[in-house]
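In what comes next, subunit A is part of two complexes: it sits with subunit B in the first one and with subunit C in the second one.
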Partner chain A sequence: MKTDPTFWLLARASGLTAYAALTASVLAGIVLKSRPLRSLRQAAVVDTHRFVALLGLGAIALHGTTLLLDRTVPLRPLALVVPGLSTYRPAAVAAGVVAAELMLLVYVSFALRRRIGVANWRRLHWTTYAIFAAATVHGLAAGTDSTRPWALSIYLGAVGSVAAAAAWRSLAVPLDPQRRTTR
Partner chain B sequence: MTSHAGRLYALAGVLVVFFLTWALLAARPWAPARQVSDPRLTALAHREHQLRRDAVLVRRIVARRFARYRVALVRRRAELAAVSAAAPAPTVAAAPAVRVVTLPPLTITRTS
Partner chain C sequence: MTTVYRIHVDRSLCSGFGSCVDEAPGAFSLENGVAIAVATSRDASVLAAADACPMGAITVTCEELEDAA
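Up next, the complex of A and B:
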């Protein structure tokens, strides 16, 4: 019997879209900090950064829902929340679950910034790099397309661009003179 | 501050990425073309190829025979024309004269 591949295709496409959105959000965050272009308005970049993160969370929700609806990989709803419960490549799926939960936590922390304090919020924001790393591991180890050259080039491009932007951020002198004096 | 233009571009970009990836995964351009696995279809294709080859051969033989027949026909017509030209014209025989005779009346006799 031939099964309908729609949900399986949707799950893979939404997973890759979520990864692309996460990469874009991380890059927007780095741009926000290092400000390579003076013409970029900081408020607009912050809003875009948050909105892309929200779109990424939406893509993750679609990824999980379609994985539950599809029969290719048997997955229980609890396995989407608790890391390690999946029977299919448990470690790789766990990395994805942890990344998604941390991403949700960081996104929610935007709204709670004043309550938790800016310093704590900033510390929490540093986990974004770990989220990106976990998502990359999840995509490479659990993704069925990760061996294909086009998928590998997407992962390599994402990792390369984030690594380059992070390196540039750490090396470049910040534009804000007030921040320069506080460091 | 809400950046509507930034949000619009971000939404459009994410949607483009999503639908492009979906189309790419559905199209599977990396997969090899599907082979015909049904043996009946393979046999049918082989038979069709054989019939086409036989048809070409038959057409060639028929054309060769027809050319030979036309040559023979032309030669025969020439012979007939030569024979008819050499023979004298046949004389028309005189028609016999019609004679009217009076016959005795027909009588039928019965013995039993």
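Up next, the complex of A and C:
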């Protein structure tokens, strides 16, 4: 009997969608903090940052669900929440599980910012860079499309743009508060 | 009727993004990395400032005042 590839296709597509959304959210977050373009409305950037992160979490949920429904990669439900339980490329899958759980934590922390304190909220937000790195490793090492040129170009584009934006942020940040402190 | 906007900045939430200063420079400024605001403003741009705050630290309440004859 021929296997229906629908879930397998959805699993791969949702994984890449989640990665693209995470990348976009990280970039929007950096733009929010270091504002390279004055003409960009901050409110629109805030909305984009949050919405794309939520979209990413939705894509991750679809990614996990469709991987369970498909038989190509044998996965138990528990392996989707506990890092290291997967028999398929355990380390690479664990990186994805940890990235997804941390991403959810960072997303939820916004609602809890008053309770945990802004300083802690900000510290937690710094893990976003680690989340992005873990997601990249997960995609490259666990993904079955990683060797294809189109997939590699997605990873290369994402890493390149986030690295460039982060470098820009670290160089540009000291300029702003000085100018703004004067009343 | 004139609308007056009463502004409150939750200083425990403010992270000094400065979006409010961008949106309504007449009502907000940053001092030592924390936003401070005038108590009231008649400029509707303070609504955009509250909307733009990434931390949701700004509350604006509207009050309708009768115009003096």
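Going forward, the second predicted complex is superposed on the first by the 173 of 183 C-alpha atoms of A that agree within 3 Å, B and C clash if a C-alpha of one lies under 4 Å from a C-alpha of the other, contacts with A are read in each partner's own complex, and residues count from 1 in each chain.
Simple rule for what comes next: a contact is a pair of C-beta atoms (placed from the backbone, for glycine too) under 8 Å apart; a residue touches a chain by one contact, two chains touch by 3 or more.
The structure presented is a predicted model; accordingly, all values stated were derived computationally and were not measured.
Trainee: Would you check which partner chain A:V118 touches, where first means subunit B only, second means subunit C only, and both and neither mean what they say?
Mentor: second
Trainee: Which holds for A:W168: it touches subunit B only (first), subunit C only (second), both, or neither?
Mentor: Neither partner.
Trainee: After the superposition on A, what does A:L9 contact: first (subunit B), second (subunit C), both or neither?
Mentor: first
Trainee: Report for A:A43: first if it touches subunit B alone, second if subunit C alone, otherwise both or neither.
Mentor: Once the two structures are laid over each other on A, A:A43 reaches both partners.
Trainee: Between subunit B and subunit C, whom does A:Y88 touch in the aligned arrangement: first, second, both, or neither?
Mentor: After superposing on A, A:Y88 lies clear of both subunit B and subunit C.
Trainee: Contact-wise, after the overlay, does A:T17 reach subunit B, subunit C, both or neither (first, second, both, neither)?
Mentor: The first partner, subunit B, only.
Trainee: Under the stated touch criterion, name the partner, subunit B or subunit C, that contacts more residues in subunit A.
Mentor: Partner touching more subunit A residues in the overlay: B.
Trainee: Which partner does A:L32 reach: the first (subunit B), the second (subunit C), both, or neither?
Mentor: A:L32 sits against subunit C, while subunit B stays out of touch.
Trainee: So which positions on subunit A get touched by both subunit B and subunit C?
Mentor: Shared contact residues on subunit A: 41, 43.
Trainee: Over in the complex, which subunit C residues touch subunit A? Could you list them?
Mentor: 12-19, 21-23, 29-33, 48, 51-55
Trainee: In their shared complex, at which residues does subunit A touch subunit C?
Mentor: 32-33, 35, 38, 41-43, 46, 49, 113-114, 117-118, 122, 176-177, 180-183
Trainee: Taking the complex as given, what residues does subunit B use to touch subunit A?
Mentor: Residue positions touching the partner: 1-3, 5-7, 9-11, 13-14, 17-19, 21-22, 24-26, 30.
Trainee: Once bound in the complex, which stretches of subunit A touch subunit B?
Mentor: 5, 9-10, 12-14, 16-17, 20-21, 24, 41, 43-45, 47-48, 51-52, 55-56, 59, 145, 148, 150
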